[in-house]
(Lines give C-alpha, C1' and ligand atoms only; values in the text may rest on other atoms or scores of the structure.)
Protein backbone atom coordinates (compact mmCIF):
# COMPACT_ATOMS: atom_id res chain seq x y z
CA UNK A 1 0.00 0.00 0.00
CA UNK A 2 1.14 3.54 -0.75
CA UNK A 3 2.41 5.62 2.23
CA UNK A 4 -0.55 7.95 1.63
CA UNK A 5 -2.78 5.28 3.18
CA UNK A 6 -0.95 5.58 6.51
CA UNK A 7 -2.94 8.79 6.87
CA UNK A 8 -6.37 8.32 8.49
CA UNK A 9 -7.82 11.24 6.56
CA UNK A 10 -6.69 9.83 3.23
CA UNK A 11 -8.17 6.44 4.13
CA UNK A 12 -11.47 8.13 4.95
CA UNK A 13 -11.33 10.14 1.74
CA UNK A 14 -10.78 6.96 -0.29
CA UNK A 15 -13.77 5.31 1.32
CA UNK A 16 -16.15 8.21 0.82
CA UNK A 17 -14.92 9.10 -2.67
CA UNK A 18 -15.54 5.49 -3.70
CA UNK A 19 -18.98 5.48 -2.08
CA UNK A 20 -20.19 8.63 -3.81
CA UNK A 21 -18.73 7.46 -7.14
CA UNK A 22 -20.60 4.14 -6.78
CA UNK A 23 -23.77 6.06 -5.90
CA UNK A 24 -23.31 8.11 -9.07
CA UNK A 25 -22.69 4.99 -11.17
CA UNK A 26 -25.93 3.44 -9.88
CA UNK A 27 -27.83 6.16 -11.75
CA UNK A 28 -27.01 4.35 -15.01
CA UNK A 29 -28.76 1.05 -14.18
CA UNK A 30 -31.59 3.14 -12.73
CA UNK A 31 -31.91 4.99 -16.04
CA UNK A 32 -31.92 1.63 -17.84
CA UNK A 33 -34.65 0.36 -15.49
CA UNK A 34 -36.86 3.38 -16.22
CA UNK A 35 -36.13 3.15 -19.97
CA UNK A 36 -37.39 -0.45 -20.06
CA UNK A 37 -40.37 -0.07 -17.70
CA UNK A 38 -41.51 3.25 -19.23
CA UNK A 39 -40.64 2.21 -22.80
CA UNK A 40 -38.53 5.20 -23.72
CA UNK A 41 -35.27 4.85 -25.67
CA UNK A 42 -32.88 7.25 -27.41
CA UNK A 43 -31.36 5.10 -30.13
CA UNK A 44 -32.86 3.50 -33.22
CA UNK A 45 -30.77 0.34 -32.67
CA UNK A 46 -32.19 -0.09 -29.14
CA UNK A 47 -35.67 -0.78 -30.53
CA UNK A 48 -34.61 -2.93 -33.49
CA UNK A 49 -37.02 -5.65 -34.56
CA UNK A 50 -40.14 -3.92 -33.23
CA UNK A 51 -42.99 -3.01 -35.60
CA UNK A 52 -42.56 0.45 -37.17
CA UNK A 53 -45.45 2.02 -35.26
CA UNK A 54 -44.27 0.80 -31.86
CA UNK A 55 -40.74 2.03 -32.64
CA UNK A 56 -41.92 5.62 -32.87
CA UNK A 57 -43.63 5.37 -29.49
CA UNK A 58 -40.56 3.77 -27.90
CA UNK A 59 -38.29 6.56 -29.18
CA UNK A 60 -40.25 9.30 -27.38
CA UNK A 61 -38.82 10.80 -24.20
CA UNK A 62 -40.56 9.94 -20.93
CA UNK A 63 -40.62 12.34 -17.94
CA UNK A 64 -39.44 9.63 -15.49
CA UNK A 65 -36.42 8.79 -17.63
CA UNK A 66 -35.53 12.47 -18.10
CA UNK A 67 -35.81 12.99 -14.34
CA UNK A 68 -33.28 10.24 -13.58
CA UNK A 69 -30.97 11.61 -16.28
CA UNK A 70 -31.11 15.10 -14.78
CA UNK A 71 -30.30 13.58 -11.39
CA UNK A 72 -27.31 11.75 -12.93
CA UNK A 73 -26.02 14.96 -14.53
CA UNK A 74 -26.47 16.82 -11.25
CA UNK A 75 -24.34 14.13 -9.60
CA UNK A 76 -21.59 14.66 -12.17
CA UNK A 77 -21.74 18.42 -11.62
CA UNK A 78 -21.46 18.10 -7.83
CA UNK A 79 -19.69 14.84 -7.00
CA UNK A 80 -16.75 15.42 -9.36
CA UNK A 81 -15.79 18.74 -7.69
CA UNK A 82 -16.16 17.07 -4.28
CA UNK A 83 -13.75 14.31 -5.26
CA UNK A 84 -11.16 16.64 -6.80
CA UNK A 85 -11.25 19.25 -4.04
CA UNK A 86 -11.62 16.51 -1.39
CA UNK A 87 -8.44 14.80 -2.57
CA UNK A 88 -6.46 18.03 -2.26
CA UNK A 89 -8.17 18.78 1.04
CA UNK A 90 -7.17 15.38 2.43
CA UNK A 91 -3.55 16.15 1.51
CA UNK A 92 -3.59 19.44 3.47
CA UNK A 93 -3.70 17.38 6.68
CA UNK A 94 -6.95 18.44 8.37
CA UNK A 95 -8.14 16.93 11.69
CA UNK A 96 -9.56 13.45 11.20
CA UNK A 97 -12.82 14.40 12.89
CA UNK A 98 -13.27 17.58 10.83
CA UNK A 99 -12.51 15.71 7.62
CA UNK A 100 -14.90 12.88 8.49
CA UNK A 101 -17.61 15.44 9.23
CA UNK A 102 -17.15 16.95 5.75
CA UNK A 103 -17.13 13.58 3.99
CA UNK A 104 -20.10 12.15 5.91
CA UNK A 105 -22.29 15.21 5.46
CA UNK A 106 -21.51 15.33 1.75
CA UNK A 107 -22.21 11.63 1.17
CA UNK A 108 -25.44 11.90 3.17
CA UNK A 109 -26.56 15.02 1.31
CA UNK A 110 -26.06 13.36 -2.10
CA UNK A 111 -27.88 10.16 -1.13
CA UNK A 112 -30.77 12.26 0.17
CA UNK A 113 -30.60 14.42 -2.98
CA UNK A 114 -31.10 11.33 -5.15
CA UNK A 115 -34.12 10.21 -3.11
CA UNK A 116 -35.56 13.74 -3.20
CA UNK A 117 -35.08 13.89 -6.97
CA UNK A 118 -36.25 10.44 -8.01
CA UNK A 119 -39.24 9.83 -5.71
CA UNK A 120 -39.73 12.93 -5.83
CA UNK A 121 -40.04 14.59 -2.39
CA UNK A 122 -41.67 18.02 -2.24
CA UNK A 123 -39.36 21.01 -2.56
CA UNK A 124 -37.27 22.42 -0.93
CA UNK A 125 -35.90 18.95 0.00
CA UNK A 126 -33.91 18.64 -3.19
CA UNK A 127 -32.70 22.24 -3.18
CA UNK A 128 -31.53 21.94 0.43
CA UNK A 129 -29.73 18.63 -0.17
CA UNK A 130 -27.94 20.19 -3.13
CA UNK A 131 -26.97 23.28 -1.14
CA UNK A 132 -25.58 21.28 1.78
CA UNK A 133 -23.28 19.39 -0.62
CA UNK A 134 -22.19 22.67 -2.19
CA UNK A 135 -21.35 24.22 1.18
CA UNK A 136 -19.24 21.19 2.17
CA UNK A 137 -17.26 21.44 -1.06
CA UNK A 138 -16.81 25.21 -0.68
CA UNK A 139 -15.58 24.71 2.88
CA UNK A 140 -12.95 22.20 1.71
CA UNK A 141 -11.98 24.48 -1.20
CA UNK A 142 -11.43 27.32 1.27
CA UNK A 143 -8.96 25.20 3.25
CA UNK A 144 -7.16 24.04 0.10
CA UNK A 145 -6.75 27.60 -1.17
CA UNK A 146 -5.61 28.88 2.25
CA UNK A 147 -3.00 26.13 2.46
CA UNK A 148 -1.70 26.09 -1.10
CA UNK A 149 -2.35 29.45 -2.74
CA UNK A 150 0.31 29.67 -5.44
CA UNK A 151 -0.98 31.75 -8.32
CA UNK B 1 0.56 18.64 5.17
CA UNK B 2 1.43 15.83 2.77
CA UNK B 3 5.02 15.78 1.40
CA UNK B 4 3.48 16.33 -2.07
CA UNK B 5 2.88 19.95 -1.03
CA UNK B 6 6.63 20.54 -0.64
CA UNK B 7 6.61 20.63 -4.43
CA UNK B 8 5.94 24.08 -5.91
CA UNK B 9 4.31 22.58 -8.98
CA UNK B 10 1.90 20.51 -6.92
CA UNK B 11 1.00 23.57 -4.85
CA UNK B 12 0.28 25.51 -8.04
CA UNK B 13 -1.74 22.60 -9.42
CA UNK B 14 -3.84 22.48 -6.24
CA UNK B 15 -4.56 26.18 -6.48
CA UNK B 16 -5.57 26.16 -10.14
CA UNK B 17 -7.50 22.88 -9.96
CA UNK B 18 -9.53 24.34 -7.09
CA UNK B 19 -10.09 27.60 -8.97
CA UNK B 20 -11.38 25.95 -12.15
CA UNK B 21 -13.55 23.57 -10.12
CA UNK B 22 -15.06 26.54 -8.26
CA UNK B 23 -15.63 28.30 -11.57
CA UNK B 24 -17.44 25.19 -12.82
CA UNK B 25 -19.53 24.98 -9.66
CA UNK B 26 -20.63 28.60 -10.08
CA UNK B 27 -22.51 27.54 -13.22
CA UNK B 28 -25.12 25.89 -10.97
CA UNK B 29 -26.19 29.04 -9.10
CA UNK B 30 -26.05 30.85 -12.45
CA UNK B 31 -28.46 28.28 -13.92
CA UNK B 32 -30.73 28.75 -10.89
CA UNK B 33 -30.62 32.53 -11.39
CA UNK B 34 -31.70 32.21 -15.03
CA UNK B 35 -34.37 29.63 -14.14
CA UNK B 36 -35.99 32.06 -11.69
CA UNK B 37 -35.61 35.26 -13.72
CA UNK B 38 -36.67 33.62 -17.00
CA UNK B 39 -39.33 31.41 -15.37
CA UNK B 40 -38.20 28.09 -16.79
CA UNK B 41 -38.07 24.93 -14.67
CA UNK B 42 -37.60 21.22 -15.36
CA UNK B 43 -39.48 19.60 -12.50
CA UNK B 44 -43.16 19.52 -11.63
CA UNK B 45 -42.34 19.88 -7.90
CA UNK B 46 -40.38 23.10 -8.58
CA UNK B 47 -43.56 24.92 -9.62
CA UNK B 48 -45.88 23.45 -6.98
CA UNK B 49 -48.70 25.68 -5.78
CA UNK B 50 -48.91 27.76 -8.96
CA UNK B 51 -52.17 27.86 -10.99
CA UNK B 52 -52.35 25.06 -13.61
CA UNK B 53 -52.00 27.41 -16.59
CA UNK B 54 -48.91 29.17 -15.23
CA UNK B 55 -47.33 25.79 -14.42
CA UNK B 56 -47.31 24.82 -18.06
CA UNK B 57 -45.56 28.04 -19.02
CA UNK B 58 -43.00 27.66 -16.24
CA UNK B 59 -42.13 24.12 -17.36
CA UNK B 60 -41.08 25.23 -20.85
CA UNK B 61 -37.40 25.46 -21.68
CA UNK B 62 -35.91 28.93 -22.13
CA UNK B 63 -32.96 29.64 -24.46
CA UNK B 64 -30.99 31.53 -21.77
CA UNK B 65 -31.29 28.62 -19.33
CA UNK B 66 -30.29 26.09 -21.99
CA UNK B 67 -27.29 28.24 -22.89
CA UNK B 68 -25.96 28.23 -19.32
CA UNK B 69 -26.57 24.49 -19.10
CA UNK B 70 -24.57 23.87 -22.28
CA UNK B 71 -21.78 26.02 -20.87
CA UNK B 72 -21.83 23.94 -17.66
CA UNK B 73 -21.66 20.68 -19.61
CA UNK B 74 -18.81 22.05 -21.71
CA UNK B 75 -16.97 22.83 -18.48
CA UNK B 76 -17.42 19.24 -17.31
CA UNK B 77 -16.15 17.95 -20.65
CA UNK B 78 -13.02 20.13 -20.56
CA UNK B 79 -12.18 20.92 -16.95
CA UNK B 80 -12.35 17.31 -15.74
CA UNK B 81 -9.67 16.14 -18.25
CA UNK B 82 -7.53 19.15 -17.29
CA UNK B 83 -7.70 18.21 -13.62
CA UNK B 84 -6.96 14.51 -14.18
CA UNK B 85 -4.16 15.01 -16.68
CA UNK B 86 -2.90 18.06 -14.76
CA UNK B 87 -2.52 16.00 -11.57
CA UNK B 88 -0.41 13.39 -13.35
CA UNK B 89 1.49 16.15 -15.16
CA UNK B 90 2.33 17.84 -11.85
CA UNK B 91 3.74 14.53 -10.59
CA UNK B 92 6.10 14.20 -13.60
CA UNK B 93 8.11 17.10 -12.17
CA UNK B 94 7.97 19.80 -14.87
CA UNK B 95 9.62 23.22 -14.45
CA UNK B 96 7.62 25.46 -12.16
CA UNK B 97 7.44 28.20 -14.77
CA UNK B 98 6.30 25.84 -17.55
CA UNK B 99 3.69 24.30 -15.29
CA UNK B 100 2.41 27.69 -14.15
CA UNK B 101 2.14 28.79 -17.78
CA UNK B 102 -0.04 25.75 -18.55
CA UNK B 103 -2.25 26.23 -15.50
CA UNK B 104 -2.67 29.99 -15.95
CA UNK B 105 -3.48 29.82 -19.64
CA UNK B 106 -6.02 27.05 -19.02
CA UNK B 107 -7.75 28.87 -16.16
CA UNK B 108 -7.84 32.09 -18.21
CA UNK B 109 -9.18 30.32 -21.29
CA UNK B 110 -12.05 28.73 -19.33
CA UNK B 111 -13.03 31.97 -17.59
CA UNK B 112 -13.05 33.72 -20.96
CA UNK B 113 -14.99 30.77 -22.45
CA UNK B 114 -17.74 31.24 -19.88
CA UNK B 115 -18.00 34.96 -20.63
CA UNK B 116 -18.01 34.27 -24.38
CA UNK B 117 -20.76 31.65 -23.93
CA UNK B 118 -23.05 33.42 -21.49
CA UNK B 119 -22.96 37.03 -22.69
CA UNK B 120 -22.58 35.86 -25.60
CA UNK B 121 -19.60 37.34 -27.45
CA UNK B 122 -19.52 36.96 -31.23
CA UNK B 123 -17.81 33.86 -32.59
CA UNK B 124 -15.03 32.78 -32.89
CA UNK B 125 -14.36 34.01 -29.30
CA UNK B 126 -15.93 30.94 -27.73
CA UNK B 127 -14.39 28.50 -30.22
CA UNK B 128 -10.93 29.97 -29.67
CA UNK B 129 -11.22 29.92 -25.88
CA UNK B 130 -12.26 26.27 -26.04
CA UNK B 131 -9.39 25.38 -28.36
CA UNK B 132 -6.76 27.08 -26.19
CA UNK B 133 -7.90 25.00 -23.22
CA UNK B 134 -7.78 21.85 -25.33
CA UNK B 135 -4.24 22.56 -26.52
CA UNK B 136 -3.03 23.11 -22.94
CA UNK B 137 -4.49 19.77 -21.87
CA UNK B 138 -3.02 17.97 -24.90
CA UNK B 139 0.39 19.49 -24.15
CA UNK B 140 0.26 18.17 -20.57
CA UNK B 141 -1.00 14.78 -21.78
CA UNK B 142 1.97 14.56 -24.14
CA UNK B 143 4.39 15.03 -21.26
CA UNK B 144 2.56 12.51 -19.05
CA UNK B 145 2.62 9.88 -21.79
CA UNK B 146 6.30 10.55 -22.62
CA UNK B 147 7.22 10.20 -18.95
CA UNK B 148 5.05 7.24 -17.94
CA UNK B 149 4.20 5.17 -20.99
CA UNK B 150 3.52 1.71 -19.60
CA UNK B 151 0.99 -0.06 -21.78
CA UNK C 1 9.50 12.79 -10.94
CA UNK C 2 7.39 12.08 -7.86
CA UNK C 3 8.21 8.88 -5.89
CA UNK C 4 4.73 7.63 -6.85
CA UNK C 5 6.11 7.00 -10.35
CA UNK C 6 8.59 4.44 -8.98
CA UNK C 7 5.55 2.18 -8.74
CA UNK C 8 4.83 0.20 -11.93
CA UNK C 9 1.09 0.16 -11.20
CA UNK C 10 0.96 3.93 -10.83
CA UNK C 11 2.89 4.35 -14.08
CA UNK C 12 0.40 2.08 -15.83
CA UNK C 13 -2.52 3.95 -14.25
CA UNK C 14 -1.13 7.27 -15.49
CA UNK C 15 -0.83 5.93 -19.01
CA UNK C 16 -4.32 4.47 -19.19
CA UNK C 17 -6.01 7.35 -17.37
CA UNK C 18 -4.45 9.73 -19.90
CA UNK C 19 -5.49 7.52 -22.82
CA UNK C 20 -9.15 7.27 -21.79
CA UNK C 21 -9.25 11.00 -21.03
CA UNK C 22 -7.86 11.76 -24.50
CA UNK C 23 -10.42 9.39 -26.01
CA UNK C 24 -13.17 11.27 -24.17
CA UNK C 25 -11.80 14.62 -25.31
CA UNK C 26 -11.86 13.47 -28.95
CA UNK C 27 -15.67 13.37 -28.72
CA UNK C 28 -15.66 17.18 -28.82
CA UNK C 29 -13.99 17.56 -32.24
CA UNK C 30 -16.19 14.68 -33.42
CA UNK C 31 -19.28 16.59 -32.31
CA UNK C 32 -17.97 19.66 -34.14
CA UNK C 33 -17.40 17.59 -37.28
CA UNK C 34 -20.99 16.32 -37.23
CA UNK C 35 -22.35 19.79 -36.46
CA UNK C 36 -20.67 21.20 -39.56
CA UNK C 37 -21.33 18.30 -41.95
CA UNK C 38 -24.95 17.83 -40.79
CA UNK C 39 -25.61 21.57 -40.40
CA UNK C 40 -26.93 21.50 -36.84
CA UNK C 41 -25.91 24.10 -34.27
CA UNK C 42 -27.10 25.08 -30.78
CA UNK C 43 -26.23 28.75 -30.59
CA UNK C 44 -27.54 31.77 -32.45
CA UNK C 45 -24.01 33.24 -32.67
CA UNK C 46 -22.72 30.07 -34.38
CA UNK C 47 -24.84 30.77 -37.47
CA UNK C 48 -24.33 34.54 -37.61
CA UNK C 49 -24.36 36.11 -41.03
CA UNK C 50 -26.54 33.44 -42.68
CA UNK C 51 -29.91 34.36 -44.20
CA UNK C 52 -32.79 34.22 -41.71
CA UNK C 53 -34.42 31.18 -43.27
CA UNK C 54 -31.23 29.11 -43.33
CA UNK C 55 -30.53 30.07 -39.70
CA UNK C 56 -33.69 28.34 -38.54
CA UNK C 57 -32.75 25.14 -40.34
CA UNK C 58 -29.20 25.25 -38.96
CA UNK C 59 -30.48 25.61 -35.39
CA UNK C 60 -32.46 22.35 -35.51
CA UNK C 61 -31.07 19.28 -33.75
CA UNK C 62 -29.79 16.45 -35.94
CA UNK C 63 -29.89 12.77 -34.85
CA UNK C 64 -26.19 12.18 -35.70
CA UNK C 65 -25.09 15.14 -33.58
CA UNK C 66 -27.30 14.08 -30.67
CA UNK C 67 -25.89 10.56 -30.91
CA UNK C 68 -22.29 11.77 -30.53
CA UNK C 69 -23.34 14.01 -27.66
CA UNK C 70 -24.97 11.09 -25.83
CA UNK C 71 -21.79 9.09 -26.37
CA UNK C 72 -19.73 11.95 -24.91
CA UNK C 73 -22.00 12.16 -21.85
CA UNK C 74 -21.81 8.39 -21.40
CA UNK C 75 -18.02 8.73 -21.40
CA UNK C 76 -18.19 11.34 -18.67
CA UNK C 77 -20.50 9.12 -16.62
CA UNK C 78 -18.20 6.08 -16.91
CA UNK C 79 -14.64 7.29 -17.47
CA UNK C 80 -14.64 9.75 -14.58
CA UNK C 81 -15.49 7.03 -11.99
CA UNK C 82 -12.83 4.79 -13.57
CA UNK C 83 -10.19 7.47 -13.16
CA UNK C 84 -11.13 8.35 -9.57
CA UNK C 85 -11.51 4.77 -8.36
CA UNK C 86 -8.53 3.66 -10.48
CA UNK C 87 -6.26 6.23 -8.82
CA UNK C 88 -7.19 4.96 -5.36
CA UNK C 89 -6.95 1.36 -6.59
CA UNK C 90 -3.41 1.96 -7.90
CA UNK C 91 -2.44 3.27 -4.46
CA UNK C 92 -3.65 0.08 -2.71
CA UNK C 93 -0.71 -1.78 -4.28
CA UNK C 94 -2.33 -4.47 -6.45
CA UNK C 95 -0.27 -6.90 -8.58
CA UNK C 96 1.04 -5.21 -11.71
CA UNK C 97 -0.50 -7.89 -13.94
CA UNK C 98 -3.93 -7.68 -12.26
CA UNK C 99 -3.90 -3.91 -12.45
CA UNK C 100 -2.84 -3.94 -16.11
CA UNK C 101 -5.66 -6.38 -16.86
CA UNK C 102 -8.19 -3.98 -15.31
CA UNK C 103 -6.82 -0.93 -17.11
CA UNK C 104 -6.50 -2.63 -20.50
CA UNK C 105 -9.95 -4.17 -20.43
CA UNK C 106 -11.50 -0.86 -19.41
CA UNK C 107 -9.70 1.16 -22.11
CA UNK C 108 -10.62 -1.46 -24.72
CA UNK C 109 -14.26 -1.55 -23.63
CA UNK C 110 -14.61 2.23 -23.90
CA UNK C 111 -12.98 2.44 -27.33
CA UNK C 112 -15.28 -0.32 -28.54
CA UNK C 113 -18.24 1.44 -26.87
CA UNK C 114 -17.54 4.58 -28.89
CA UNK C 115 -17.40 2.62 -32.15
CA UNK C 116 -20.58 0.73 -31.24
CA UNK C 117 -22.34 4.01 -30.42
CA UNK C 118 -21.21 6.19 -33.31
CA UNK C 119 -21.25 3.77 -36.26
CA UNK C 120 -23.66 2.34 -34.82
CA UNK C 121 -23.17 -1.42 -34.40
CA UNK C 122 -26.28 -3.50 -33.71
CA UNK C 123 -27.19 -4.04 -30.08
CA UNK C 124 -26.16 -5.59 -27.70
CA UNK C 125 -22.63 -4.48 -28.74
CA UNK C 126 -22.96 -1.11 -27.03
CA UNK C 127 -24.71 -2.49 -23.95
CA UNK C 128 -22.03 -5.16 -23.49
CA UNK C 129 -19.15 -2.70 -23.93
CA UNK C 130 -20.73 -0.45 -21.31
CA UNK C 131 -21.26 -3.32 -18.90
CA UNK C 132 -17.66 -4.57 -19.21
CA UNK C 133 -16.39 -1.12 -18.26
CA UNK C 134 -18.80 -1.00 -15.32
CA UNK C 135 -17.65 -4.40 -14.03
CA UNK C 136 -13.98 -3.35 -14.18
CA UNK C 137 -14.72 -0.23 -12.17
CA UNK C 138 -16.80 -2.17 -9.62
CA UNK C 139 -13.98 -4.69 -9.24
CA UNK C 140 -11.48 -1.92 -8.49
CA UNK C 141 -13.95 -0.23 -6.12
CA UNK C 142 -14.30 -3.51 -4.22
CA UNK C 143 -10.55 -3.65 -3.65
CA UNK C 144 -10.39 0.02 -2.60
CA UNK C 145 -13.19 -0.42 -0.09
CA UNK C 146 -11.69 -3.68 1.27
CA UNK C 147 -8.33 -1.97 1.74
CA UNK C 148 -9.40 1.42 3.08
CA UNK C 149 -12.83 1.15 4.69
CA UNK C 150 -12.90 3.99 7.21
CA UNK C 151 -16.47 5.22 7.64
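The chains carry the letters A, B and C, assigned in the order they are written, with residues numbered from 1 in each.
Everything below uses one rule, namely that a residue touches a chain if its C-beta (ideal position, glycine included) is under 8 Å from a C-beta of that chain, and two chains touch if they have at least 3 such contacts.
These numbers come from a predicted model, not from an experiment.
Interface residue usage between chain B and chain C, two copies of one sequence, is largely distinct: under half of the residue numbers at the contact are used by both copies. When the CA atoms of chain A are superposed on chain B, the rotation angle comes to 120 degrees (nearest 5). Mean C-alpha positions place chain B and chain C at a centre distance of 17 Å.
Multi-chain contact residues of chain A, defined as those touching 2 or more other chains: 4, 73, 76, 80.
Across the complex, chain A meets chain B through its residues 4, 7, 66-67, 70, 73, 76-78, 80-81, 84-85, 88, 91-93, 120-123, 126, 130, 134, 137-138, 141, 144-145, 147-151.
By the touch rule above, chain B contacts chain A in their complex via residues 1-2, 4-5, 8, 11-12, 14-15, 17-19, 21-22, 24-25, 27-28, 42-46, 48, 72-73, 76, 80, 83, 104.
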